[in-house]
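There are structures below to look over.
Heads up, the next two complexes both have chain A, just with different partners, chain B and then chain C.
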Partner chain A sequence: MDSNEGKFSVFETVCFIVTIIISKLFFTDISRLVRETGTAAWQSTFISCIVSLFFFYIVLFLMKKFPGQHVYEIYESVLGKPIAVILGLLFFSYAIFYAGTNLREFAEIMKAYSFPFTPLYLTITCVLIVTAIFNYFGIECMVRVSVIFFVPIAIGVVLILALAAPTYDAYLLRPFWGYGMTNTVFTGILRSSAYSEILALTVIIKSLQGFKNFKKAGFLSLALSGIVLMISMMLYIMSFGYTLGQEKLSAFFELSRIIYISRFFQRVESVFLFIWVISSVITVAAAVYIALSTYCKVFRLKNHRPLIYPVEFLVFTVAILPDNVMQLMDINIQITRKYSLFLLYLVPVLVLIISAVFKKKGGSVSGKDA
Partner chain B sequence: MGKMLKLAACLLVVCILLSGCFDAREIDDEVYAISIGIDKGTKNTIRLTIQYATYAGGGQQSGSSGMENPNMQGDSIVQTIECPSVLEGIDMFGMAISRRISLMHAKMVVFSEEFAKEGVGIYLAPIERYRETRGSMAVVVTRGSAEEFIKEVKSNIGGTISKAVELMFLQAKYNNYFPYIQFNEFYKNIISSYQQPIAIYGDINDFKNKTDEKSQDVPMSIMKGYLPGEIPRRGVTKIEYAGVAVFNGDKMEGALDFYECTYYLILIGKFKTGAITFKDPNAPENVIVLDIRSEKKPKIKAYFQDGKPVIDINLKIESDIESIQSRINYEEEDLHRELTDYAKKILTDNMYKLIEKVQKELGSDIFGFGRYMAGNFKTIQEWEEYNWFSHFPEAQVNLELDLHIRRSGMMTGSSPIWTRDGREES
Partner chain C sequence: MFRLFQTVKYFLTYREPADTEGGFELLEGKYEEVENEKKENPTQKANADQSEDTEKSTGAPLKATKRNENRKKENKNQLPAQDELVSSELKANFEKIKQELNMPKNADIVIREFTVGMNLKAFIVFVDGMADKIVINDFILRQLMNTDHFKGYKNEYPLDYVMNHVLSINDIEKAKEYKKIISEILNGVTALFIEGCEEALLIESRGYEKRNIEKPSTESVVMGSQEGFTENLRTNITLIRRIIKNKDLITEILPVGKTSNSNCAIMYLDGVANPELVKEVKSRIKSINIDFVTGDGMIEQFIEDKPFQIIPQVLNTERPDRAASFIMEGQVIIIGEGVPFVNVVPVTFFAMFHAAEDSFLRWPFGTAIRLIRILGLFLATLLPALYVSLILYHQEMIPTDLLVAFATARENVPFPTIIEVLMLEISFELIREAGIRVPGVIGPTLGIIGALILGQAAVAANLVSPVLIIVVAVTGLGNFAIPSYSLATGIRLIRFGLILSGAFLGFYGVAAFLFIAGCFACSIKSFGVPFLSPISPVTKKNPDIIARMPNFKQKMRPDYLNTPNRKRAGDKSRS
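Moving on to the complex of A and B:
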């Protein structure tokens, strides 16, 4: 797999990570958060971002101790092979679960808004074909594509937010503390998993050309995503209020649907459909890549390509597993966006503590990687 | 590699084609509903009326056929069915109409007042949930039957029926006699804890209330608001929108006439510009017309005083003199001040009357004062427990109006009229 990892800059990495984090704007996440925290949903996502920054800061220590190493290689060095294999397979399974969940969510929203008669499996298969092509060419291809589409996605997001401005009412952000400060903070901490895509950096660290770039890309991506999600959340509540805001299926799509500037400037949502599709496809492709990368590391495989088909098949299986959209939202999405925190953030923290206790350290790497 | 790329390209093209196949609809396989009407049914829960445009060619054949069949309105057709729900009704139309009815271009939904008073919530939720309907369609309550109202929706000036319907609602921007309420806002306020909903109030005018042409001593009716269907007028268009239908939750409580609607729009900061006619303070048989417009958005403060909710409203209004029938020179400093104070008093009094009516008679916070009051609560639980709507009628509302008459139109003064008897004194 190493041969396909390629090299990319901080800017390219930021574009990639921000694209996959903010793709949640188009999913059910925002209305779910409004349901849980009310008018304080924007504070909650801010807290999630801060918590993620904190955990990323801790992960930095781990990555610094083992410069230039893939996160699985670090687990192997610190915990030994048997535990690392178990953890590796756990992460592999989670990545497939994450990809399948996101894919199903995307397909369900597509079905609800745009393609009501298209069979779900067809939408899912189409996305999987594209993600297979992405993964065939490797992470560099994925990152380059996200760089190309980053500007249209950014313009699209800004345009939707700006054009919906006539519907904004800042007073709808009251009462300020939503369902209570404790609830907001608690939900914010739990939902920090919404930014867990930042840990993709620990998998692609070899392509980042050094620890400094890793650090810079991580902080910049988190800060930028946090700002975008917080502002979007705030404006969404300002437009729909906390009562209607919790009813919507796709917050951002609904925001684009209510744009009505004049008789000639309305029904613009279809224009924004492509930014939603692209960011969702890149997100699923990235998750598939992480699954492939982890599996290759665990079983020391050099070529990931023969694995693409079986992994895509597994993702397809996970995607069609939920019986209905309610089950998807109540189980799958809750696991990926709420409870995955314990697996994704706490495992690296534990590994760091163990490495500190047992004084384990990676070998020094020359040049930029040091 | 080349083969792989070609295969990938082919697969992508196939994907696009396949996804298009399932959801592809030919334009003329469907008819696009322009108006949706909901009345109480007699044989089933509701009587659903839809008006859709025909493909007969943009309003060209509006003449004779429309006269022969009351259900054919020029370039549109009106169909009615009794059904258990709106969406099933749409499907049931398929038993009689050769095209599928699409709600994607629906411009308005009309409820009969009788139906609105019983509660429209259960019928709105499916519309909100349905993929085809749009939040931008207008919500109208008609005093009579929605079916009869929709039958009178016609494109008299020319152009398509959908354009006529949409442009009619945009008139609200220029005259302020009725609000432009879109479905999204209406539904949002039905489930809101801050503000209660309103709808556009409309009816058919049978022209029976028109002015008697022979009468010589018609009393000057200044600032007399009318409800729809009562405006003394004659013409081709029978339907009219005037005033506001006021709701408590999903049930209609009452209505405001078109002048009250003007003051309502001033108070909520949605008044753009419009002419208001006053009696001349120095010549009561004549009138003065002021073109007024909001200078700034109203500043509203909400707080508690001795446990009682208090709302302070600060309004800034600009106006221009449009007409002085008496030719009194209100452009002069003293008279200008007198006119300003007079107009200010009338506007303030009328706004207080409106607030009192809404608080005491209707009891619905259609002003959205709740949005300001919510700032006094820390959490949603506290706010919802307080239940602002139950306290709204007892709230003390203080109004401060800052009115400036800025300009005097294209004249700087009025010269007296000369007759054989000499100069007429103003």
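Moving on to the complex of A and C:
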């Protein structure tokens, strides 16, 4: 996949990654976490962020050993082609599963809150058309669009949190330790997968123009997303409390719904519909891109464009698989936000260990990229 | 059926990318290479020639393409055929000129035969109406026929004597080839042929009717210059030269249009404009291969990076001061013949929002009017689409009192909202288009009367709701606030897409369409410069994108232009 990889700066990358990570704000993630950890949900996401920072730090060693190489190329150098192909296809499948899950979650929320009479497949198809156009233009275009829309997203998030201020009650954060510290820490570690989007950087590393930028972009994105998610979760609990908070389908939508400034300015949630459409589309488009990129690397294809249609079709299939939103929340979302860390974080760690044991270093296979 | 099968096959099969290059890119440091090329020393050149010779002498059979290239080179080196050159016999030249200029069918070509002072037969050729008759009568014919001017003649080459001692014209040149002579005659130059001379004299005598310099009609300002470009190429070049009195301001004239033989000029500041950019502009203009090109609107379509995009990638201006400011930034301007506009390349989205007046106003006002323009863009693009979305899908957002007002206004309207909006939007566009086409002073009157009467009558007939009249009127105002006419036209088209997507899926549809538009905008490049620079991609910039800081704070040229000289002002530009 040589075409359309482009180049972008640390700032642009941070905007892109942060948009993808914080898109969970608009989904079922917050209320799910409140259900699992009670009032300590914000501590739990903080722990997830720390764990992700730790894993990213380890991944850095791997990327440093193989400078400027796509993560699949590293697997191929270290594990050999057959195992790398299996792993590549596994990551490809996961990216499609992730895209499909996010897409369905988005469509369900849309159906629940704004378009009750619109068929689900129509909402899904619309997003897929936009993501197909995105992927047609390539990752550079995707990142640049996310830079442009990052400002409205940031303003929207800040506005929702600020305008809902009259409903905040700090006492609702009690009991401070939620269901107990062990539960919080354990859930926090497991749910570090919620930040696993950071590993998208290992796929787009060639566009980042150097290891330093990769490192900077990674740490900044994780820190910023962690702060935003933690504050949002804290304010959400302060607004709804943990009992009511675990019942909401979309925490942020509910938060925007209770905004009441005057008789004239109320029910402004539809304005914020823009920001979650934008962040959700970027998330799905990025997942499709990662799937395409990995597939192209595995089968050494230069042109990703003919693959867009079949990959989008696969994403559509995954999106319509769950019978209902509860099944989606209990199976799909649990896999992507809770258990995917075993695949996403632990595989690079294992590869790093193997490369250290067998003393493999970058430059042997794709020396020109190093 | 077969074609359908081919299309499906094309859609479903994998193909390697046809072109992995992203086209021309204005990359940093590229101009250095051009500089090196220029400074290439003679030894290197000799070596290069040698290597070429060695290549030739290898004896390997040449490929067809190589052979064609060689043949082209040979043809280039060949001297023109004898009948393409001026003969020493005057009669032969006379016949050739008559034949070339299709005389006597061509009624406006004038050939005047006479005898020059030293009793040599001669004739002049010019196009009636293109040449200035005073120059021809008083400064060419009178001088040449006056024997007093030939008293010092001592068997010199007649053309040299006439050039040096007889004609008191500022611009004279000798030419041998008919191709050049004919082309110059058609441009208004007078050609002089003298018996026994194997060359002709091309005497500057252009003097056709042209419009005076007037106020720009589409970019008028309250403060600042009131001069606009005219249809005349020379006048336009002069207007810019009058502003930038710099020896490095380069004007290059390039021919465009195979049959119309028009000219266009490119102007840039040497040492400031990126040489790679200049090279690219010239190459794109030279590659235009069509019979007729007039004005920069046509040139624009031939040289744009992506001509099928709705958003323009070339900026048009009819203000010499604005064109000069672009040249000073490092951009290249292209002046065509026949229209009072010039093209500026490369250009970014934000430059299309800037108006000449911004720099003349103090910075707080300059910033404020720019913000108004951005509001104008927002309204022109989104207002009808948001109205449709609100009415059809998101009624809960509308405060109750307002909702009641909307519902009451729409109560008697029989059409669905989308039809109502489209009907009124199309009527508005119709009024606008008709207002432009209607001659003279009736135009604006028709626009106002048409809009008022039509709007009032439509509301009275319960065809549209009064709220919608306000929405469409404000949208129109917003569109007029966009300084770039081409961009405003693009926005008009995008608006219809947004209205339809709003009707289809409410805010969700609008957001999706905006996203697609953003995607296209991000993929556009104007002569290698990303269209949304310096915001996306983020590059170094002067404080002059949306908010405008005072002029003395704008010390650097835009980074995305990669100019060899980035500094505009000294470290201390203000005392």
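One rule holds in what follows: the second predicted complex is superposed on the first by the 363 of 370 C-alpha atoms of A that agree within 3 Å, B and C clash if a C-alpha of one lies under 4 Å from a C-alpha of the other, contacts with A are read in each partner's own complex, and residues count from 1 in each chain.
The criterion applied here is as follows: contacts are C-beta pairs under 8 Å (C-beta built on N, C-alpha and C of every residue); 3 or more make two chains touch, one makes a residue touch a chain.
Remember, predicted model here, so these are calculated numbers, not experimental data.
Novice: Looking at the overlay, does A:Val271 come into contact with chain B only (first), chain C only (second), both, or neither?
Specialist: After superposition on chain A, A:Val271 lies in contact with chain C alone.
Novice: Quick check for you: in the superposed arrangement, does A:Val281 touch first (chain B), second (chain C), both or neither?
Specialist: The answer is second: A:Val281 touches chain C but not chain B.
Novice: If we overlay the two complexes on their shared chain A, which of chain B and chain C does A:Asp169 touch? Say first, second, both or neither.
Specialist: first
Novice: Given the touch rule stated above, what does A:Phe115 touch, chain B (first), chain C (second), both, or neither?
Specialist: Touch status of A:Phe115: both partners.
Novice: Contact-wise, after the overlay, does A:Asn303 reach chain B, chain C, both or neither (first, second, both, neither)?
Specialist: second
Novice: So, A:Arg144: does it touch chain B (first), chain C (second), both, or neither?
Specialist: So A:Arg144 only meets chain C here.
Novice: Which partner does A:Trp177 reach: the first (chain B), the second (chain C), both, or neither?
Specialist: first
Novice: After the superposition on A, what does A:Pro152 contact: first (chain B), second (chain C), both or neither?
Specialist: Touch status of A:Pro152: no partner.
Novice: For A:Cys126, decide between first (touching chain B), second (touching chain C), both and neither.
Specialist: In the superposition, A:Cys126 contacts both chain B and chain C.
Novice: Find the residues of chain A that appear in the contact set with chain B and again in the contact set with chain C.
Specialist: 114-115, 118, 122-123, 126, 129-130, 133, 263, 266-267
Novice: Which residues of chain A touch chain B once you look at their complex with the stated criterion?
Specialist: 38-39, 112-119, 122-123, 125-126, 129-130, 133, 136, 167, 169, 171-172, 174-180, 240-244, 247, 257-258, 260, 263, 266-267
Novice: Residues of chain C touching chain A in their complex?
Specialist: Of all residues in chain C, those touching chain A are 11-17, 20, 22, 390, 393-394, 396-397, 399-400, 505-512, 515-516, 518-519, 522-523, 530, 532, 535-538.
Novice: For chain B, which residues count as touching chain A in their complex?
Specialist: Within the complex, chain B touches chain A at residues 4, 8, 11-12, 15, 18-19, 22-23, 128, 131, 134-136, 166-167, 170, 182, 184, 187-188, 191-194, 368, 371-372, 374-375, 377-383.
Novice: Note which residues of chain A are touching chain C in the complex, please.
Specialist: By the definition above, chain A touches chain C via 2-4, 8-9, 11-12, 110, 114-115, 118, 122-123, 126-127, 129-130, 133-134, 137, 141, 144-145, 147-149, 263-271, 273-274, 277-278, 281, 301-303, 305-307, 309.
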